[in-house]
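Next, two complexes with subunit A in common: one pairs it with subunit B, the other with subunit C.
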Partner chain A sequence: MKNKVYIGYSEVATLISIMIGTKAFLGYPRLVTQLGMTAGWIIVFFSGLISLCLWLLISSFLACFPKKSLTAITESTFGSIIGTVLNIVVFTFSILVISNSLRIFSEVVIITALTETPVIVLTLVFILAAWIAAYYGIEAISRSAYISFPFIIASVIAVLILLYPYYDFKQITPIWGSGILSIGKNSFLGISAFGEVILLCYIIHYFQFDVKKVKQAGAFSIILVTIFFAAIVIVYQMVLPVPTSIETLVPFYQLSRSINLGHYFQRVESIFVMFWIFTAFLRLSMGLFVSTIIFQDTLKLPYYRPLLPAICLLVFSLSLTPADMMQTVMYEDIKFNYGWLVTFVLPLFILVVALILKRKEE
Partner chain B sequence: MGNDSSRKKFWNIIANIVTFKEEKCKEGFVLNDEGNESSEGKQNKNIYNVKTKNSRTNKVEGNDLKKPKQVHKTQGCRKKEKYDEGKSLVIEELFVEPNLKTNKEYLDKIYSLSKNKDIIIREFYIALDPPLQAFVLFIDGLCDKNIINGSILKPLMVLLEEVKEQDRKKVPIGGNIAEYIRTHLLPGHDVRILDKYRDILDNVNFGGTALFIEGSSKCLVVETKGWDRRTVGRPEAEQVIMGPHEAFNETLRSNTGLIRKALRNEKLITEMVKAGSRNNTDVGIMYLEDLANPKLVDEVKRRITSIKTDYVGAAGVLEQFIEEDPFMISPQVLTTERPDRVVSFLVEGHVAIIIDGGPQILVVPITLFSLLHSPEDYYLRMPYGNFLRLLRIAAIFIAMLTPGIYVSVVNFHQEMIPTELLLAIAASHVTVPYPTIFEVFAMEFSFELIREAGVRVPGVIGNTIGIVGGLILGQAAVQAGIISPILIIVIAVTGLASFAIPNYSLSFGLRGIRFVFTILAAIFGFFGISGGLFLLLISLVSMKSFGVPFLAPIAPKTRTEPDVVLRGPVWSMEERVDYLEPLDRHRQPEVSRGWIKKPRGGRKNEE
Partner chain C sequence: MKCRFGLLVLLLITIIFTQGCWGSQETDELGYVILIGIDKGEKNIVKVSFQIAVPQPVEGGEQKKATEVVTVEAASIFGAKELASSFISKNLTFVHNKAVIVSEDIAKEGLSKYINPLVRCRELRRTNYLTVVRGEASEFLEHNKELIFEKYTSRYIDLLMNASKFTGFVPESNIHKFYQGLKSPGLQPITALMAVKNKEDDKITKGQDIGNEKKAEEEMAYLPGDIPRKGGAKIEIIGQVVFRDDKLVGFLNGKETRYYQMLTGDFQKGVFTIPDPEEPDKSIIVLEIKKGLSPEIRVDITEAKTVIEVQLFLEGEILSIQSGQNYEKGEREKILERYVSNYFSREVVALVRKTQKEYQSDIFGFGEYTRKYFGTWEEWVDYRWLEKYSEVDIDVKTNFSICRTGLMAQTAPSHK
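So, the complex of A and B:
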């Protein structure tokens, strides 16, 4: 018996915001600085704008298939063989992304807090917690996201504001950084950073509200995260000059480390580490849950919970495959450059074909 | 063979652990789920109705009076079937006999009168013409002897002499004598005519006095409850400075009276059900008929009536039988000893459960936020009330996390501590031969020991234990170099914070989870604390109390007035909470202060 799930608009919007926004605590600010130099924040802005347009397009197409997940649309459009293959591709991508995130989070914990702990231990703790949360289901994860959201936002704002003594506006000039062409190209590639919004299409059958609200939830997440990404990148570049900022592995940690407000308010990065570790737990749980749901829908299984141990083991094993952190970061860069193919282009293609077929049938 | 079966058992256990089983909806009730009425609920409702029908024996009396002889004959047959010498009685199927001696035999057997010395049978003659033999049955200690003497024995034995000779001849002898006595001779306020032994015994066991009359197949039961009871005292665990100082006691009727006194409303319903097959405790279910969601009321009744156990002695036991998640850290039922608190929940659409014999009353459903509120929050002005609430929320985090944060900072994140303080901590730690986690656990354990000892030992010595434990033990431990002085401060603050949590059960839960956080912090530092908080939050948002999500109205977000974490002014709370689905959401008009002509918000008083 399937228990009914109740998720509201606010829960979904905050959950997707956290899913996308967690990158700010990893290497994202460094990556955009690398690509756009002093114009990193412009890349963020344009990437957000392009992602928003694509999302509005995708969600409008999705509205033509009420209460149908993208997995179901893919299969009904392309038939059971090609449809299943496409769904397996999406599932594989989601598993790779989640396992790489798991490894990065574990490595970042080692860098920031537990320098002598073996990576396997942290990976294990992360995946076990994510397993428990995914077992409780999307209701629990989304509600937790909604409750913790104000605290996470407050901690980010606090870091950005508390760094005000180090703001140097000259460091974000020249405005166009690496040049307009480079900004244009990287802004398009950078839409991968907002790819998590597509998760809404795969879990749409869980929502009580209509597709219009799903569209709004996605748009809200993209706009909010764009603002925060841009603010973080600007502050990052104002506090650390470009040559230093492209060398830092965990930019947000570096920022929180730089806070020094008098003798008794310094080196408080551990407090902020607590908040973003919390977001890491949320992101991994949700990633694990959605991957499992995609697999469940692909194989048309009645339950997702029996799949969790196997998928957890898969994610855990894959996360330990990279030799070191640098290799993990390299995979993350590959995802940044080509991830949009799976997160935006593939769903758009599927929906366009599905719509054409639907029109023909009508 | 033995080895084979044990091996098979072992593999079955392993298979049970690793294989998937279909989820069973344990709770089976979601308050806002329209189509979730289980057949079980309906079945129990029938049972409930049957119980109600059983209590309507007075109606049957009227019919019996018309054909007394026939009834006697039938009952005589029942007697032969159900009772033979030397065989046990089936009380449920036993009826009152017209023969007084037979009734006495029944009672002798039922109550083991030869051994049971507080069961009293007083034989006498009703002063009719001719005198009619009768006896009263009551339990010494449960009844008010003045009522028995003055309102039963005296009218029947003495005052009847004063009835005119002419009138006395009209007295009917036979089947309807019971009705005559009830209407003419017994002045008691609650006199019932019963014929089933089960009903009679239930009344006698609860302080009633039964009058058996020769020649009548009916028994009169007079309400004579009068045991020694504690008077309405002051609350022990929920004291306030502002607000009422009344608390419930162990008597159900007294408790329902206290609630009714504070909530004078004809729609306030008190339904009674029984719990515990041996002690047959009365459980009252109170709610406002025009406010509480009927589904919620049905669910409360379903859960209580479905309990199959022999003894339910107190609210704490009943709570464990009706809560959804027994292994979670937080209670899912609110326990209170304050009538004003119960009333404040009833007017929101909650249901109160009152168990006879306990001074605590249960309120369902609840959310985490209602556990964190104290009645005083509302009796004080808004800014003061909010100050108390903020203080309490800080207390929750301090009680739960302080030892863990201390262990984390000392073991993993020393850079957070300013250098002078770090040096001070290091200096105080130099003489201590143990790791920090050992120190913390030793002190936490000692603190819990002092608290438990303080509760168990008699009052006067209890204070001494506090002083000895708190001051002497702590100081001696520091001087002996076993514990660092800063840790004493950490433990003291944590202990104080845990006592600032208004709900006793929740305070227990947080004290327990504190040890888990300390262990996580000792292994993983802030990472462990963060992981622990994540799992705690996940488990809390998954909990439900009688179908209501435990963190409502925040997660899931539902419509609510400003009274969740902080509270707004009382005049701004116009609607009732949404998650209870009350029958009337409207609490007060938009402008509730009728004297205001033009409020600051610009809304005008329409009147």
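So, the complex of A and C:
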């Protein structure tokens, strides 16, 4: 039995934009700068473009299976054993990603705001909040995302504009940064950063609107986030030029700390930290919700809510497994390099096989 | 009902664990460091001085002093801060620190090992001023307590550093800018320069008679501590330090610092005294010069030679013409404009040559303009601009125009 949910295209688009865009507040600008040097923004642009093409392809294939989630398609295509194994792989991946995100967000809160708070307390608070949000379901999470979206966007734009005294476009040259080959390779690997868009395929049966709208919501999110990522990376490299930009642990926080407009407009990062923490909460809630739905669909259970305590405990425990913050940063880099295998290649493979079998049957 | 009760319990737990409790610190428990001074240590590696704000009572009169200076020797800045807690009742914090002042000796030895912790530290901001002091930083902080026009030293330093907008004597000098210069392959770092006025020099002695022309030209050519004056606070901020990599290699005086800023585009305005073109040894002309446009800089790289081409755009207002010649309009105005343009071009070229030959340090960031010739970052780094800098040619053209003439349209002849 499924709860009836009423969410619109805008809510879904903003939710996915926030899911993808949260990386901007973590290490993403540093990571692309490290890979592309002064051409980091080009990597962002091409990664966005490749992700958009892949998403349009995946969502077109998905349209051939109306109202069926990717979990259900996987099982009907590969049979119950292989299908379940594949779905468990996806579930495991999503749990690992969400656990690492939980730890990183907690560590970032320690670095930026609550320096003395033990990490276990922050992870606990985050996971409890995410549990409550996931309990109320996608409707509550997406509405929260929709309401907070203008504030989050305004806070990002404000930071980028207030840094105008640092603007120096020489700092994003030499234009090809780490070299064309490196840009090409890392642009492809970088599609992992947009992988959250695939979540739409796993919860498609929750939406009242058709697949065409889901496709548009995903495409809108990718385009919007690509523009924002590119703008953030460009400003980041102008404020903290290469090579200093590859040193910063939390680039966007460092950017907001650099705002210094006269005696009265400085030390403003505390205003923005509030929005970023709310963004983290939304991302964790949605991640938790989708992971639980994948697990529910895999095991064909009637309800997802009873699974939440166990999954929360699992995420909480896994988030505390890394020995230190740098280990979580390393896991995030691994996800950047190989995450696309699960987020784009696997769904594409499943849908291609499902389509071939469907054609044969017809 | 059960479910709602469960949620209520969850919410309560969340509220109880509201994280502020762990990091909370009462304002009166904290000791706000507003300036940090770093000297070479005698018993340990560094001698760190902290100028700490003294809390003012809400009622019952004012505290006699606004700040207190303590000096501790330790192996690191943070070690010194920790040691200071053994005799200061407050928990020292850098969150409101305004400037980091480093002694000349430390700067000569190399600043990078002292900058790294400042960049990494969460409490310190990269927007903190970073300056070098001639002599000891601890002595500077001690004298910095004796203020006249301000109560708080942080405000005093802030105003002096910002006064540069009206004089051009102090370059933009903060941790961020220094660090950028330290790491970039196309730029070398600089900092502002400070000093304590020497007590014995607290009187204006008669200088050498070098002629009016030279006196006018050298009017602002002072390093801090050397300005001929009486009265006022003990500290002076004028000029800048030139670094090669992380080591101090020389100073630029107040006059040179203005030309430096003209080249970097940071110069806003300043008063300049120049010899009268028609009677240079007798009379002077005083002008207030403003930035017209940002400078246009081109670095031409050819196989034969590399040339830096600079165009400066300045405008000015006449403040004084001692000779009474009418330079305000017509042909004489053009004469003055050409004279001033050539004068500035000559001075700027001399400054660039000094940094090339004497210091071998591209503090202007001309190397940044060579980026466009290279496709990749590696190619640019391999070009090794900083090694080539001392050999490149420099060509400076100044476009100066007189925009205003004060409240006088011309000088009428005297009939006595």
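Quick notes
One rule holds for everything that comes next: the second predicted complex is superposed on the first by the 359 of 362 C-alpha atoms of A that agree within 3 Å, B and C clash if a C-alpha of one lies under 4 Å from a C-alpha of the other, contacts with A are read in each partner's own complex, and residues count from 1 in each chain.
Everything below uses one rule, namely that contacts are C-beta pairs under 8 Å (C-beta built on N, C-alpha and C of every residue); 3 or more make two chains touch, one makes a residue touch a chain.
Note that this is a predicted model, so its numbers are computed, not measured.
When the shared chain is aligned, no partner comes close enough to touch A:Tyr331: not subunit B, not subunit C.
After overlaying the two complexes on the shared chain, residue contacts for A:Met37 are found with subunit C alone; subunit B is out of touch. Of the two partner chains, subunit B is the only one that A:Tyr146 touches; subunit C does not reach it.
When the two structures are aligned on the shared chain, A:Phe188 is found in touch with neither subunit B nor subunit C.
Shared-chain residue A:Val242: touches subunit C; no touch with subunit B. Once the two complexes are laid over each other on the shared chain, residue contacts for A:Phe220 go to neither subunit B nor subunit C. Contacts of A:Tyr303 after superposition: subunit B is touched, whereas subunit C is not reached. In the overlay built on the shared chain, the residue A:Leu124 is in contact with subunit C alone; subunit B does not reach it. 109, 114, 117, 122, 125, 129, 132, 263, 266-267 are the residues of subunit A that lie in the contact sets of both subunit B and subunit C, per the superposition on chain A. Against subunit C, in their complex, subunit A makes its touches with residues 37-38, 109, 111, 114-118, 121-122, 124-125, 128-129, 131-132, 135, 170-171, 173-179, 240-244, 247, 257-258, 260, 263, 266-267.
Touching subunit B in their complex are the following residues of subunit A: 1, 3-4, 6-8, 10-11, 109, 113-114, 117, 122, 125, 129, 132-133, 136-137, 139-141, 143-144, 146-148, 263-264, 266-268, 270-271, 273-275, 277-278, 281-282, 285, 303, 305-306. Note for the complex: subunit C touches subunit A at residues 7, 10-11, 13-14, 17, 19-20, 22-23, 119, 122, 125-127, 158, 176, 179-180, 183-184, 368-369, 371-372, 374-380. Chain contact summary for the complex, subunit B toward subunit A: residues 20, 22-25, 30, 33, 408-409, 412-413, 415-416, 418, 524-527, 529-531, 533-535, 537-539, 541-542, 549, 551, 554-557.
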